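Presented below are the structures under discussion, each in the form of structure tokens.
Paired with chain B in one complex and with chain C in the other, chain A is shared by the two complexes that follow.
Now for the complex of A and B:
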């Protein structure tokens, strides 16, 4: 493996390549990026020579934080580094426990309570660690692969016959969720186009192909149509630690309109989208990304250009109180429960990566 | 994102061919003097990153696999830059080869050199090292290849971008008018309006429109200076050593399409994509603004991925800050500004619509507007910098005022309190520039047309900021317009010279042709080629050819008329070739009139001449009659009227006869 000469940034070339590929948009969808991140982290463990968990963890952490810093908009990339770290911790703890059990099978309750948590110290050697971690990661990869299916399986519980469902933009999870439901029930879908970037049309076309009654509406019609809608089902880019969403712009509009009309908002979020970050300010570095304003105004339209400032943000922040339910691959959760899921998914020490 | 589908596009191109690009590092002009005195133009910073990096980033993003960087000036610096950049690493998807040729003075030379080196194997993308773009090149390349299948001679696809006629993104020197065949995208006509004699008028040859079902004429295109070239481009440059610039090439190909057996195609990139070439201060300013306004996304400061550089933070109001920037509490940074890492801004200073480089020290109470301050500058207290460029490591003394297109070369020390609106550089140079302080000399541009005393500086300012964004500069604008009218008045005479030269050439050809008994077809070819050489319009050609034929016989001898008949019968095919339609006929008669006025001996031959031309079906009845009635109205053509009268009478009688017959 090649390493850069600069000792400070000992990041492997494959990571640099990955970052530039993601920036150039060579990956489509967050699942693809997530999967590739896990692949890269796995290759780190496979290729590395580790005697104990500490070395392994520090390597993962360096690379993880590099990815996180280079791709601040892709929260799932940082999440995967946290998740792999958690896996290493777990496997280490299990390995240690097995060993200690061999030495002292009769552990008293008193000992357990008073013992200093051995998990804090990862320096003792554990020869089988690499294998067990790799096993665990493969399991996790399986979980990733099936996450969309798992969410779609729950469709029947949430969509009933003759309902009017509103969704927006394009999202793979939403698409398969609706498809699954359509196999058993008959219902109508309204897709908000989400201009200028949103690809509502794409979703509508693919839904129409699976014989679902689909209507595309513009962003300006959201409020008007909301009173007739039974449920809002949307995907998201990231779920923040407080249960807020970082989702495609115009999600906030939809959520507010839904709140006004008391329509439940369901967010389909595979667990890898949960991130232990908060939104502190709208000017927060790397919260939003701004793309070229060509969708809003034409470059050739000179007379208006010189007089108008143009911004084209990609994301909206949706506060947690506007979300009714998160549907993840493990089931439905209320926004207030997200903190609990987070503590299950990641180790608190890894929140700041 | 839809604009980046490079991986998909790659598959559709055949696997084995590598997408090659030629990047010309130099712009072969002195537009950026004094900045380019010791720095190559491609290494000038644009939004704190050098132009070449922007270009290469774009090329690698858009799927180019192999690039040839062609250097001619300051080669060592370019090499050094590449060596220290990420383009040097093995794993970079773009493999970069540096070609050095220090003798090259123009793009044409560079192309000829490339041809001699034989490195290019197939179609290639030709860009300047100062391009900023995010357009995906692969679809354009594919289109080029598709067109190549139907048109074997396709040499180059010229890439344009839509931008309205008064768009600020269009440099005046790039104001082009293009006519394109709608079906085949072939360029039929290309005119640079700045170079043409009358910028307000366009002459599009009729045959372009008549020969095709539909033609698009564009006035709203911005030349991106990107071209997709077939392999035949390099030999074309080698064969035509007078092709110096890309414009020469386009003009040359269009004029001699049949001879060179080559054609050009146009490609318009969509509004969603951006491309521009920074070849003047005007473009420098515009491209910077476009980048700050994020038209060039993903080529924006906060997305750039340059090794050893911290990313920029993007804040409200299009303000970009690189870590670590020290802004004092009362300083104001607003509206489309960029501040590089390590810079400090003092109390009560305001920065608007400007770019500040890395490690700059801005003092207290400084006002910076619409300016570009490069790396490592020191601006002392109470300075005011407006619409200016301050090069690397300059020092602007306390209270100095830089305004209206002032440009400070690298390392200039501008003395305190100095008021400047000129170009300054730090060394005296070869010519004795006026010294205004320690390492500060006023640069005199050796432009031919800067004869008016303050024309030079006005022009720089005009280049940098001829933008209607700045409403307060009304008087400046009027200056510009007066300059423009001067230009047009000056350029009338050379056109006359051209026609005169053309006329002499035609007379020579005809004389030689008659003496050597050359075939008339060859003579027509000869006349046509000199027509292109002197850029004479078709109507003028008609007029001048007839005139030339009529004035060939030596006037003093009695045998004028007999000579004339001889010549006329010999040159009849030429006349038939040129005098085809009523417009040409009236041109022919105009020539007749002019010769008749000048040449007394000719007068007696007029009726017979008219008769012959009428019999030969060269002139039609209506045109002759119309001409005659016009003649009568003018007093000085009395003689001509008198001699032509019998013929006209006969003509009218013949007409009446034929009418009565038909009755």
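Now for the complex of A and C:
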């Protein structure tokens, strides 16, 4: 695909503002960021003058890759660009009504054997393309809006009476999942505080308000309490292509303790969190991000500050073998099935954005 | 005609060191197809089967020949379904055969491109025996100015590790030859294991040079990722349950099959999928469970 020399020149003002807003923490939660990304990409299509799908795709790609590079830790931003590209591809195929309309875009042994060439250049003009793409995106936005609800609907299948559930930090999806289950069953919840970033106590307060028996524990008590827990239910920041997680730090601790005590770990992950990226190396700087470490040790502690180093990493990588089940808006999936979901969600040419 | 197939096959392997046995088998069969004068599909099929049997009796690694020829037969069947008359069919077979071979020839480059980013600056890699895909991936990474070191096992009995080491040194990649028995010793300093494969079976496990299984067990115990780099034509439709269950013709070269097998060393072993972190193929990066998906898509 076309790569512009200096993408910043081409990128619209609204995108630049969005990036700076996200960096300043004006959005709360990944869903809000994701929704805004789709909005921006949609406005790109509405305002743009395109003669064919190729032009539309290259504009989306330029802006998508700008967002992805500016916000490398928000995988869902890049995912949305990939998803919109896939929508354009699909609508183009439908519009053309060519033989390959139902063709699987993935490389497969079957394709090698039948020697079909899937070379499609998306250059034929289609007058209705814009409208149909916008329709399709609206459908997709609906899916985004309802994703948390859809996950919560499955709560009763996973949480049973008198169980002891462990969760950590704050997560909107975990909160609504537990609330939904509490409407029908009685169970206890332990929330790991996950300081300084996790704010588990906030989740605990909100759960207690909806009359769920809740206990807050510190990170140091995770292993001690695990033997009594029936299930671990957590949210995640991103699901990597191999089924591993990029999640709030101390998730790895919880997952390891759960493995040791043979407690199932369920991860609530709406589909927009699935990314086709892999973790290449465990000590890669690009994987993690670090924030101001005043939560670890306060700035007012002058006397010791000069003598020690303080770090506050945001994420943990949790390997796929520690996850029992992913619960997405379309149902439950094993970590080994993630590759299949990815091939349904994105086109392989868009993996590298 | 069949004998000729065997000769062509051996000639390709002798003259071109860069060609894997599977590709050589397919080239032989395409060559066979060009000269063939069969009048019906069945006749052609019988002749092909005979030619394949001859190739499997030569003293070359049988696993990838088995998978590649099976793929070829599937190719013939699928092509014959598309065209009504035998003459048309033959024309389209030859035409598609070229495309087919081209795709297979490209596959090694594709694997190298997908796997090379996993080699990061300063890492140490352990590899077993000699694999053309692993070699190309390492060259690709070196071309991208990554600095890394490689440990290569001698891999008895054919000591193919020596060749691998020489080729790596020629590409200016620092490498150390180690004893097969030093696998466990070296592993603790290593960041990842990268091996090739002679065949990938339906469970997602691999068949590879004997010693790969031991290496995989060691890597699992020391929690190091075990990566397999392989082309997709090596996917083979068998489901071994254990080492004993692996077909004898895969384990022993044709000339040894007549001897007392309890006194012979197997050439390959089977590594179950539980020990494999990821498979890098020309179809993309796969988890072991994705392999059966691919095979089902093709043969169902």
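Note that the second predicted complex is superposed on the first by the 320 of 353 C-alpha atoms of A that agree within 3 Å, B and C clash if a C-alpha of one lies under 4 Å from a C-alpha of the other, contacts with A are read in each partner's own complex, and residues count from 1 in each chain.
Following the convention adopted for this analysis, contacts are C-beta pairs under 8 Å (C-beta built on N, C-alpha and C of every residue); 3 or more make two chains touch, one makes a residue touch a chain.
Remember, predicted model here, so these are calculated numbers, not experimental data.
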item: Touching partner for A:24 - first (chain B), second (chain C), both, neither; value: first
item: First (chain B), second (chain C), both or neither touched by A:299; value: first
item: Partner chain in contact with A:242 - chain B first, chain C second, else both or neither; value: second
item: Which of chain B and chain C A:348 touches, first, second, both or neither; value: second
item: Touching partner for A:336 - first (chain B), second (chain C), both, neither; value: second
item: Of chain C and chain B, partner touching more chain A residues; value: B
item: A:280 touches, of chain B and chain C: first, second, both or neither?; value: second
item: Interface residues of chain A shared between complexes with chain B and chain C; value: none
item: Partner chain C, residues of chain A touching it in the complex; value: 106-110, 112-115, 117, 241-243, 278, 280-281, 284, 336-340, 348
item: Parts of chain A lying in touch with chain B, wherever the complex brings them together; value: 2, 13, 16-17, 19-20, 23-26, 70, 283, 285, 290-295, 298-303, 305-306, 309-310, 312
item: Interfacial residue positions of chain C with respect to chain A in the complex; value: 71, 74-75, 78-79, 96, 99-100, 103-104, 117-118, 120, 123, 191, 232-233, 235, 277-278, 282-290, 293-295, 297-298
item: Contact set on chain B toward chain A in their complex; value: 1, 3-4, 6-7, 61, 89-91, 93, 134, 161-164, 166-169, 220, 271-274, 293-298, 303, 305, 313-318, 467-469
